[in-house]
Amino acid sequence: MNIIGSAYKVCIFGSSHGPFIGGSVQGCPHGEKISTTAIQIEMDRRAPGKGPVSTPRSERDRVEIVSGLHEGRATGAPIVGLVKNRDCDSSAYDAFRRVPRPGHADYPALVKYGGNNDHRGGGQFSGRMTAGLVFAGAVARQVLERRKVRVLAQTIQVGKVRLEKLVPFSAAEKLTRTNAVCCADRAVAEQMKDEIVKAHEEKDSVGGIVRCTVLGVPVGVGEPFFGSIESSLSAMMFSIPGVKGVEFGAGFASGALRGSENNDPFIIRNKKIVTKSNNAGGILGGLSTGMPIEFKVAFKPTSSIAKPQMSVDIEAKKPIELVVSGRHDPCIVPRAVPVVENSAAAVMLDLMLQGGFI
Amino acid sequence: MNIIGSAYKVCIFGSSHGPFIGGSVQGCPHGEKISTTAIQIEMDRRAPGKGPVSTPRSERDRVEIVSGLHEGRATGAPIVGLVKNRDCDSSAYDAFRRVPRPGHADYPALVKYGGNNDHRGGGQFSGRMTAGLVFAGAVARQVLERRKVRVLAQTIQVGKVRLEKLVPFSAAEKLTRTNAVCCADRAVAEQMKDEIVKAHEEKDSVGGIVRCTVLGVPVGVGEPFFGSIESSLSAMMFSIPGVKGVEFGAGFASGALRGSENNDPFIIRNKKIVTKSNNAGGILGGLSTGMPIEFKVAFKPTSSIAKPQMSVDIEAKKPIELVVSGRHDPCIVPRAVPVVENSAAAVMLDLMLQGGFI
Amino acid sequence: MNIIGSAYKVCIFGSSHGPFIGGSVQGCPHGEKISTTAIQIEMDRRAPGKGPVSTPRSERDRVEIVSGLHEGRATGAPIVGLVKNRDCDSSAYDAFRRVPRPGHADYPALVKYGGNNDHRGGGQFSGRMTAGLVFAGAVARQVLERRKVRVLAQTIQVGKVRLEKLVPFSAAEKLTRTNAVCCADRAVAEQMKDEIVKAHEEKDSVGGIVRCTVLGVPVGVGEPFFGSIESSLSAMMFSIPGVKGVEFGAGFASGALRGSENNDPFIIRNKKIVTKSNNAGGILGGLSTGMPIEFKVAFKPTSSIAKPQMSVDIEAKKPIELVVSGRHDPCIVPRAVPVVENSAAAVMLDLMLQGGFI
Amino acid sequence: MNIIGSAYKVCIFGSSHGPFIGGSVQGCPHGEKISTTAIQIEMDRRAPGKGPVSTPRSERDRVEIVSGLHEGRATGAPIVGLVKNRDCDSSAYDAFRRVPRPGHADYPALVKYGGNNDHRGGGQFSGRMTAGLVFAGAVARQVLERRKVRVLAQTIQVGKVRLEKLVPFSAAEKLTRTNAVCCADRAVAEQMKDEIVKAHEEKDSVGGIVRCTVLGVPVGVGEPFFGSIESSLSAMMFSIPGVKGVEFGAGFASGALRGSENNDPFIIRNKKIVTKSNNAGGILGGLSTGMPIEFKVAFKPTSSIAKPQMSVDIEAKKPIELVVSGRHDPCIVPRAVPVVENSAAAVMLDLMLQGGFI
């Protein structure tokens, strides 16, 4: 089911080459000022640009609000946003019903839906569906920001290029907007761009890692076990196409640590109880500790590549060489940054509403 | 809310030092033979042993089925299992209300519940709650195994010791039962044990990584986006105390790969369409591909260590040195193996029921 | 939350005077042929006509499918339908923020939403929202009819005029379409029309009762307790504006009966086990018995009447006489008939999917 | 699924002749004082007495709290209560697998579960399961009463005997506790008792109607459409075995009324905005108006009667006369009163929590 969340429920619908895609949210507190301009800005960040690092598809993701706002404020009813699909040449996709593309959902979707799914442009599996996530999050973050909760995602790895240093939140917020790869360091951003361009030139693609930080979350948000911050955020993150890993704080590295290294000692700073380090990523027992919530999301390289690949002709039951033509981002990571950021905002609003913090 | 799942709903309840802990499952198909002995075997795997690698707490997790089975078969009603808590000296825990233990939920729980939570033994945050997960999964896996779906978890890392080679499923199934750390290689198991004993001797603890494989899942299980296999499994895994990372297939490593390396080419083997490699971890577009589902779960080192740590006296608002005494596993990974394995079974049954595969 | 259902989830959104209203359904089995013409026919039945018994508002409820269908078949993705709102003079509604209309949600909505709700035309409380229910049901009934499950609602009471005789299903199906009040008897239909016209002439409105029958439901649909057919249908019915009572089979009359009168004896007819009578309304223990499912839904008279009524000026805190002008059905029952019928179909599909019957 | 509610989730489990029945609630605000004595008092009201109007089954529904309370307060974790089943001679029930009892779930349950359900004592369809509802409500009402929200159910009809007058809330609260039928008028109570005794002597049973009032609900509780007070309460009420009708305020009678009669005019009384009449039953647009919430619940006569009835031998496919022996209430209405009352409390707490009123 395409519904997630409890107190702030998010639903996404549509398909890549159908008439519309959209999102619907329920639970936005009535009376909240919600700017459609601010929503559009987030939609535009996700929409494909014109630079060398993204697909040339000329989408204009103009969002239309069809319900839930009245005179600029949430009415308490579901807020529904629609984006028209344009520029849809879907002829290229018919072939993938017979010869599934490696890395794509073509094959399991064909088996699951027996050919009834809308396969054009990836249909309901398309990365374009994430526009609905951005919409849901762009509403949520306005509610959060009014309560001093801020969310920032940034690219920290593209292929073999990794940003090692930690850039402070506010600086990173500005810097990530200055380059096409959403990296908080100009020099590394250039290397990342090169990595993408090189992959593209070689008819290939490249993966990467996004880091996300949520500042200002009060202590005690989240629930033990199934409603933990980690469970809730990871369920959202793993719904983003291409995500293959999620870790919080020290994450996988903590497996190699001793408890005395990994435990974050409590200290008093500015009369507040904080932890000296933040290996926990701001979460203990599923609850926020008041420290920044930190997590990383691994994206696999774009599955669509122009290089010849081996696949199978399903009808003939024979191996066949496949070349996926068409317009594709050689690296989805830069466009995934606003998706991670906004969808994280949707989850955090959900948890704060559940816990009675808003 | 302590409920997870859709067609196979799992609820866990109780607290570490209350009278009972337990689990409840709804959606087990009526008529399924469910062996209570088989459930007890899984419960015993999670229960603390007597070796050098686990806590000396003398629990006997005898599960009592209070509803849902009749003459050894599921009736269609919720199946509820209870485990009595024993041997509960909770006097040690009072101090943690004033001085929170680093790495534990003490501090955020105190803020969240204002002292109303049952803090003894970690209360509702206790690792002991995972007995309910094991119960839920021990029911589910019997349904799955009848359909040739098999689940296996194994320890692949403890601290700095890592099992690099891939042991075939059936061999690993046997080998992991021959040693206390649930490792599929005897020699590496010895090193892991040493790593744990060493940490224990140094009044410290150590983390690790569990790998889990699900064999026999038919093609097309899972849903796009929020109901993806990754979303569903990760939501469950991150509800297990101590988990800080989850990755599928190539996981975080795929961020450094090219598409041409990471895409798994389709081939025909034994007249079946399979993929040559399995970087996808058996999942494309959130759906099973028919290949083994593969994921890894990172556990942080046990938070309770006998070494002195820095914390804060919350009332006096002053730093204070804390020594956590009592019985604690120096490494939770071995006991987490059956938790990962069984809770994964619960998720897979849920997805298969949702998709109409059972 | 505006979501109902489990395996077939229905969401309605929009508001009376916003840009759109709509509905979304999830869980329609992929591959099902869904005719948009058939959907439109149901939408038209609910839309206001031109006769003496309905509001002259010139809506044209043309539904646009924005996702979920591909080449006339369900894709497995959410099916979303939109209806544009037109002809919206909302100036009349501003006054009701100060002087709430008796029988309407104005007063509690004002208190609940503090004036943030879209009050125009009843906003999210508007009867117009039922278009979303009809949409959801018009999809569902196509799936049901393919499995020989048929749903029929009919007006059996308008004010003091009541249809006492039981008209057989197929005859009633035809007859209810021959008159504006959806009554299965021509003569009684005329009396009902007169009752409505008379009320209208007296600047008043009138209530009524709708009876609904579902034929062809296999034995065993529904769940004990919270998932009972009665619980599920009543939750849907009571969400329709104006509904104040729901009863199954003998309903309230069974309170006055003896067990020996009320119990339906089992007999064998045409080699099938059926009951001789159907006081149970086709439901025992929350499950279908294979007999027709029968229930009645009581509608209060339209709240908007042109007669002067007493209300309160909320700001001045003084009594004030109110006349509700504008276009209003003097009796909502005829237009409620397709709402009851289609929304019942949505519930029955949900229960059949849950139970694995489809 | 045996789960209901959103912010206050209720789960019931067990079966009539299994080892335990029980209930579980999630969402009780942590820190609330919950008296187990007060819970036991409600359980005892439902438990069978010794008078002429109830079954002689010697149950002692002693509830044991297995989790969720600590030092008399809610911890925030699920509160689970268990009641041991005793005195279970289930030999009588085997016959009903072959010859279903009229009015009982035997036949559809046999078809649905293929004989796998626990049929003894009605199994998961048993009226005894309502002990779980009483438990859930007995917790909820303590939270409500602390906020001046009071719930009262009373018997207003048994067979042909009906209490016509309206007894004020506080008087009714006392009077209903003075007689075995829970009627707010001593004289009528005697007639009701006679009606039940007469039915019992004639080896028959008799139905009735329960009226329920909720006082003190603030304005604006409930949600439009699917989350309406009527939808939420009716879904709960119709899950109680034997319920065949639910109506709010004027209910079915409003179908015969004019709008000018049925609309409740707003007036000012004691500086508060109230309505002069309460045909709406305290609910407009699904939201509370601040007036008492009023609804009626119709119960069919007990299905088990000692009179011979016609049924069918399912294996022989032949008609057969059936006599249901054993212990049975000739009228379930008196014991249903605390079930209606407490389960209504559970629903109201859920809605108040959802709406942020608590």
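Think of it as A, B, C and D in the order they're written, each chain with its own count starting at 1.
The definition used in the following text is that a contact is a pair of C-beta atoms (placed from the backbone, for glycine too) under 8 Å apart; a residue touches a chain by one contact, two chains touch by 3 or more.
These numbers were taken from a predicted model, which means no experiment stands behind them.
Novice: At the place where copies subunit A and subunit B touch, is the share of residue numbers found on both sides over half (same) or under half (different)?
Specialist: Copies use mostly the same positions to touch.
Novice: Using just the Cα atoms, superpose subunit C onto subunit D and tell me the rotation angle to the nearest 5°.
Specialist: Superposing the C-alpha atoms of subunit C on subunit D needs a rotation of 180 degrees.
Novice: Compared with subunit B, which chain's mean CA position is the farthest off?
Specialist: Between subunit B and every other chain, the largest centroid distance is to C.
Novice: What is the distance in Å between the mean C-alpha positions of subunit A and subunit B?
Specialist: Using C-alpha averages as centres, the distance is 26 Å.
Novice: Roughly how many whole angstrom separate the Cα centroids of subunit A and subunit D?
Specialist: Here the centre of subunit D sits 47 Å away from the centre of subunit A.
Novice: Using mean C-alpha positions as chain centres, tell me how far subunit A is from subunit C in Å, no decimals.
Specialist: The separation of the two C-alpha centroids amounts to 40 Å.
Novice: Which residue numbers or ranges of subunit D touch two or more of the other chains?
Specialist: Answer for subunit D, listing residues that touch two or more other chains: 1-3, 77, 112-113, 124, 224.
Novice: With touch defined as at the start, can you tell me which subunit D residues reach subunit C in the complex?
Specialist: Checking each residue of subunit D against subunit C gives 1-4, 6, 12, 100, 102-105, 107-109, 111-113, 124-125, 129, 157, 159-160, 199, 202, 204-209, 219-220, 222-228, 230-232, 234-239, 241, 243-252, 254-268, 271, 273, 275-276, 279-281, 284-290, 296, 298-305, 307, 309-312, 314, 317-319, 355.
Novice: What does subunit B use to touch subunit D in their complex?
Specialist: So the residues of subunit B in touch with subunit D come to 1-3, 9, 11, 13-15, 18-22, 24, 26-27, 30-31, 64-68, 70, 73-78, 80, 82, 112-114, 116-118, 123-124.
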